[in-house]
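Next come the structures, one after another.
Two complexes follow with chain A in common, the first pairing it with chain B and the second with chain C.
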Partner chain A sequence: MTAPTLVDTRGATSVDVAPRGPRTSTVFWTAARRDALTGYLFILPQVIGVLVFVIVPVGLGVFYSMNDWNVFTGKMQFIGGEHYAAVLSDPQLPGVLSATAVFSGGVVVLNIGLGLLLAVLLNRRFRGVTLFRTLFFSPVVVSVVAWTLVWGFLLQDNGGINGVLEAIGIPGTNWLQQGSTAMLAVVVTQVVRSVGINMILFLAALQGVPGELYEAARIDAASSRTIFFRITLPLISPTLLLTAIITIVGALQAFAQIAVLTEGGPGLYTTVLVYYVYQQAFAFNDIGYGSTLALMLLSFVLLLTLLQWQLRKKWVFYEN
Partner chain B sequence: MRTDQRRAASLVRRVVLYIALCVLAVPFVVPTVWMIASSFKPLNEIFQTPPTLLAARPTWAAYIEAFSFQPFARQYVNSVYIAILVTAITMVVSSLAGYAFARIRFVGSNVLFLVVLVGLLVPSEVTIVPLFQMFKGWGMINTHWPLILVTALAGPCVLATFIMRQFFLTLPAELEEAARLDGLGRPSIWWRIALPLAGPALSAVAILTFLSSWNLYLEPTVYLTSPELFTLPQALTRFTDAYGGDMWNVQLAAATMTVVPVLVVFLIAQRQFVEGLAHSGLKG
Partner chain C sequence: MNTARKLLGTVAVIATLGVVAGCSSAGDPTPVRTTAAPGSVDLRMTVWTSNEAQLALFNGIADAYKKDHAEIGTITFESLPFADYNTTLTTQIAGGNAPDLAWMGDLSRDLITAGALVPLTETLKSTEGWDYDDLLQSVVGQFSDGDQLYAYPFSNSPFALYVNEDVLAQAGQTLPTNPTWEEVSEIGSAVHAATGKAGFVIRDFDYSGWNVLATVWTGWGAEAWNAEGTQCGFDSEKMADAFAFLHDAAFEKTSMPGPGAKADFFAGDSAFTIAQVSRAALLDGSFSYSVHPLPAGPVGEYSVLGQAGVGVLQSSPHVQEATDFLAYLTNPENAEQLAQFFPPPRQSLLTGEKLAANNPKLTAQQLQQVVVDQLPSAVPLPNHTRPAEIAQKVKTALDAMWTPDADVPAVLSSVCDSIDPLLSK
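Entry: the complex of A and B
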């Protein structure tokens, strides 16, 4: 895994070769200036895109969160921190946050565990290894909605999973109608669909462990378990940590899975924060409160990203 | 004797490995297979107990109904054209910006790059509430514009710009120097030298962007209300009868038509897919 760097590594030599025009005071458009202008023009569409479709909306979101907006009459009234106070006293929010925590936590633990297991099993040469890697990766390219629909179909009370369980003598259950099994269902659906990406990242990390370390350990007659826990795991732990955070951030954004499989139910059991934001803003038309909750979601994501950057710095430090 | 034992042990280990992998593969493979198989079943066979995989009386009825129940062909065209358009715009915008950030020196390039990176940090689920109001103000609700503009210029495009910049940073400077001595301007260098070398990065960007657009669900759900404007993921969830019950066989047939073409392309161009999507894992 090559870590994308945020550090500017452009060599000065590569850029300074621009043949400079004669430096007279009459020529304004020197080659370097013209080159810079081209640079601005090249980045213009992207910068405008981010300004208009990301930065302005975030600013507007902050504005909405401080106003009470009746979308039917179109009246907007400044209310300062009232929505923020409402967040603290929202009787549903503790349930929503705990569902978010259970969902994200469940996804990250299962995803990292399974991803690592698959990577270790498939990090060797044997007949069919490519086929298995392809199979485990394939759900990643399946549309989230289609994938979730099929799982919903299989998880019906009279669906395929209960049918198979019954055939082998285990009583099934109505998976999507009970809180704990509904949560399990959304977690598993999400993990199976996306674990392929982590598997690939872990495979790359495993292949980055120097072979001499394994040889040395084998000469010392270390068991394969010792080798895994003492050599492999510590060496790939930076990847594990970063992947874990990326996976949590992804889980915080999981909307389609919840909307299609459980619609947040039963009760509030699977109403994660992103789904709650959608409900408040678009089902209940509460733009102000919805925006406030969206900012809360943003702050979670930013905190995790900050944590990731700190860890990545540390990782680079270890590599040196 | 000892080598025989060792060979036997290794054979046992191999068999155990295969069994473990096959068991693990069940939840990854069976849903897709079951979806395809069930889409050919008549409704009364779909929830049969004990469940069967293959239809006893296979039928195309669900496929035909998918097209008559909703303007499914139209919705299919919507998804395809939006995904292609978004991918094309993203490839141009991100390769231009990525090239400039990597190779051209101009005042403020680092600051502007950080501004662009903000687009990677903010999830689209956060901006959709104000974006809806903005597009409402511009009269673009219930049109494809929000899906095209936001996807092609923010969101996946920012990740694409990041990938392109990382790639162009690795290009040797000599190539450009030679071209500049030959009198080529920046646009020609970008088009005739940088882009032809950027094949792998561009295909990663194309796959990533196409899939992001193809899979959009929250955005169409929020912006579109007319069935003939729907995209596929949104249309899939609308195959319900008058009582709100799911029309499973039709849903599965429509899902099959959505999934299978992408799966086939994936099987053909696996390496590019894996590289492209691994980049999405590195996001952030």
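Entry: the complex of A and C
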């Protein structure tokens, strides 16, 4: 074997030199690599956050769900899929899932419907419009516990709402002690507090709809109904998708309202899944079963979000 | 040189032993058995009180203990909110951050069953001057397993009938001596009709905390479950009669505020309330009042008490030191100090005069009548392992009771259906 021979590019002589590595090794930090590193550094905080607050807890949740953990002694016993089997035989779970569906459905329909209605009404120019916008948005910034506590007093049998109803000759009811009215009360309390967010999002979307489209429609003698359903709604459909996702996720996460207003009662009428998870894991100290239910809740949220994401192709209109 | 060194060493050892022996004999009568280095032991005790006077008393006792126990660095009393106390405590235990000592109420059975508490009987019996036999036997059951005591029942507060004399006078009513529940309900109904104020309020019930209804159903001879905790008692006839009385009081006689209606006796909203004697601290003098033993039920006179205990957790890294401190905290001298806030478990302290010495709200005669005379036969509130789960299931089933047309026996039967699987575990 002979040493490699390099040709002098200037053509003077040919010289024998010691073997050398590839020339590129001296410039490892190419522009592309620097750009990639910059990108990774930018997303690092988010990656750490997701790892610490999502991936690791979900992993631990799976681990706990397959163990029986005696919290008083710290002893843990592997029980495999017993908690998953217990989900199928839990006599309270059908009632809990039913309450979750009613609560989430009620909140989503009312919240999006009312939010859109308010946005359409407040997308006009009239005196005091800013005041009304502020008024409807202000509950969003109030602490959820404080908000719910006040509503709790108002909804008592001898509370403010029944007092007002009585003053105008309408018999009140014991709002929080009857199943149907308790659920209605919890839904309304949640909607009134959070409708401002959807209203603002819809308002922003409505103001992004080009005015010339409305002008053209009016020239063509389109009715208000046609304009709304053929122009407004398609153009704000991306926002509709966004609000639908965040409202459903928010409804499935609603906890403080239930804990403060009804503690899941009467019966199981207002025991939604997230409150049931809390009861099992932290009140009953059954961390394993609570984790199993939490994973079920996570699956629901993921499934609904994926479903909406897939369905968006059918009803969401993107200008580009 | 070597001889001199040996001599010096011997003198040093003798001097050290002398100092240690001197310290031991001159200080606390309880010998210091710990081998911990000075200042190396930090103890933490969770409590649910945030009362400054009570915390000052605890800190005073801790300071006195530290003077004679060099190994103790700090003793901290951590106040946790009462409403979330059990959840917070169990979360601390699960998270590996358990306190060394803890107050406990209805969590005691779970902690004892799980073996999470340090047995106390031997330590307390062997502690000089502690006088274990002074403990009233009727109050240690909730915190014992067989003959072994796992928590010291520092607070034993019987439930009593508080009467707002002003409201009764306003309604033209007079409470008979040794009233029955029926009489209390009749007067309550009359008060409600005449003044609009509530009749009787079972404090802390609020159509949710059903276990305090034991203050009523015990008068009918009913019990939530049998002594072994294996057989549901809600579907008994006695329990049905007791709940029929309560249902009637809420929906027919309106002698008790209905579901969702709020009335606070201590704010002057009702004629009567059933509450623990320790609640007398809430009396602010804005109305004239009297305190009596619980009204008699169909089975006659009876008494119910609420308790709190303090124990040492097995998970503590300083079990020995924490147990020694508990023995000191609850010795006769300190128990007498604690008695100003909490009705004590020691017979020697249970006289009306002694309790009244530090109680500005109730007279010696009242305290004799509602505390001292009641404790020996008092029945504790229902307690069981898995208390929160049982509480939730009973509450969920009992919600159907609180409608005007409820089928009382059917609802009570459904209560047993829901908790039978838990009682049989």
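Please note the rule applied: the second predicted complex is superposed on the first by the 253 of 320 C-alpha atoms of A that agree within 3 Å, B and C clash if a C-alpha of one lies under 4 Å from a C-alpha of the other, contacts with A are read in each partner's own complex, and residues count from 1 in each chain.
Everything that follows uses one rule, which is that contacts are C-beta pairs under 8 Å (C-beta built on N, C-alpha and C of every residue); 3 or more make two chains touch, one makes a residue touch a chain.
Everything quoted here is computed from the prediction, not taken from an experiment.
Asker: Please work out whether A:Gln156 is in contact with chain B alone, chain C alone, both, or neither, and reply first, second, both or neither.
Answerer: It touches chain B and chain C both.
Asker: Looking at A:Gly267 after the superposition, I want to know if it touches chain B, chain C, both of them or none. Which is it: first, second, both, neither?
Answerer: It touches chain C, and chain B stays clear.
Asker: In the overlaid three-chain picture, which partner chain does A:Val209 touch, first (chain B) or second (chain C), both, or neither?
Answerer: Touch partners of A:Val209: none, neither chain B nor chain C.
Asker: Which of the two partners, first being chain B and second being chain C, lies in contact with A:Leu60: first, second, both, or neither?
Answerer: Only chain B; A:Leu60 stays clear of chain C.
Asker: Tell me the contact category for A:Val50 with respect to chain B and chain C: first, second, both or neither.
Answerer: It touches chain B, and chain C stays clear.
Asker: Please work out whether A:Gln279 is in contact with chain B alone, chain C alone, both, or neither, and reply first, second, both or neither.
Answerer: second
Asker: In the overlay, answer first, second, both or neither for which of chain B and chain C A:Leu297 touches.
Answerer: first
Asker: Does the superposition put A:Ser138 against chain B (first), chain C (second), both, or neither?
Answerer: Only chain B; A:Ser138 stays clear of chain C.
Asker: If we overlay the two complexes on their shared chain A, which of chain B and chain C does A:Leu184 touch? Say first, second, both or neither.
Answerer: After superposition on chain A, A:Leu184 lies in contact with neither partner.
Asker: Do chain B and chain C touch any of the same residues on chain A, and if so, which?
Answerer: Residues 156, 158-159, 282, 287 of chain A touch both chain B and chain C.
Asker: Note which residues of chain C are touching chain A in the complex, please.
Answerer: Per the stated touch rule, the residues are 86-87, 90-91, 93-94, 96, 110-111, 114-116, 207-208, 258-262, 314-315, 386, 388-389, 392, 395-397, 399-400, 402-403.
Asker: Flag every residue of chain A that touches chain C in the complex, lowest number first.
Answerer: Against chain C, chain A makes touches at 69-74, 92, 155-159, 174-178, 263-268, 279, 282-287.
Asker: Can you check the complex and tell me which residues of chain A touch chain B?
Answerer: Checking each residue of chain A against chain B gives 1, 3-6, 8-11, 13-19, 32, 35-40, 42-43, 45-58, 60-61, 64, 117-118, 121-122, 126, 128, 132, 134-147, 149-151, 153-154, 156, 158-160, 163-164, 166-167, 188, 192, 196-198, 200-201, 204, 243, 245-246, 249, 252-253, 255-256, 259-260, 274, 277-278, 281-282, 287, 290-291, 294-295, 297-298, 301-302, 305, 308.
Asker: Which of the residues in chain B end up touching chain A in this complex?
Answerer: The touching residues are 14, 17-18, 20-21, 24-25, 27-29, 31-32, 34-35, 38, 47-51, 93-94, 96-97, 99-107, 109-110, 112, 115-119, 121-134, 149-150, 152-155, 157-158, 161-162, 166, 169, 173, 176-177, 180-181, 185-187, 190, 211, 214-215, 217-218, 221-222, 232-234, 236-237, 246, 248, 251-252, 255, 258-259, 262-263, 266-267, 270, 273-274, 277-278, 280-284.
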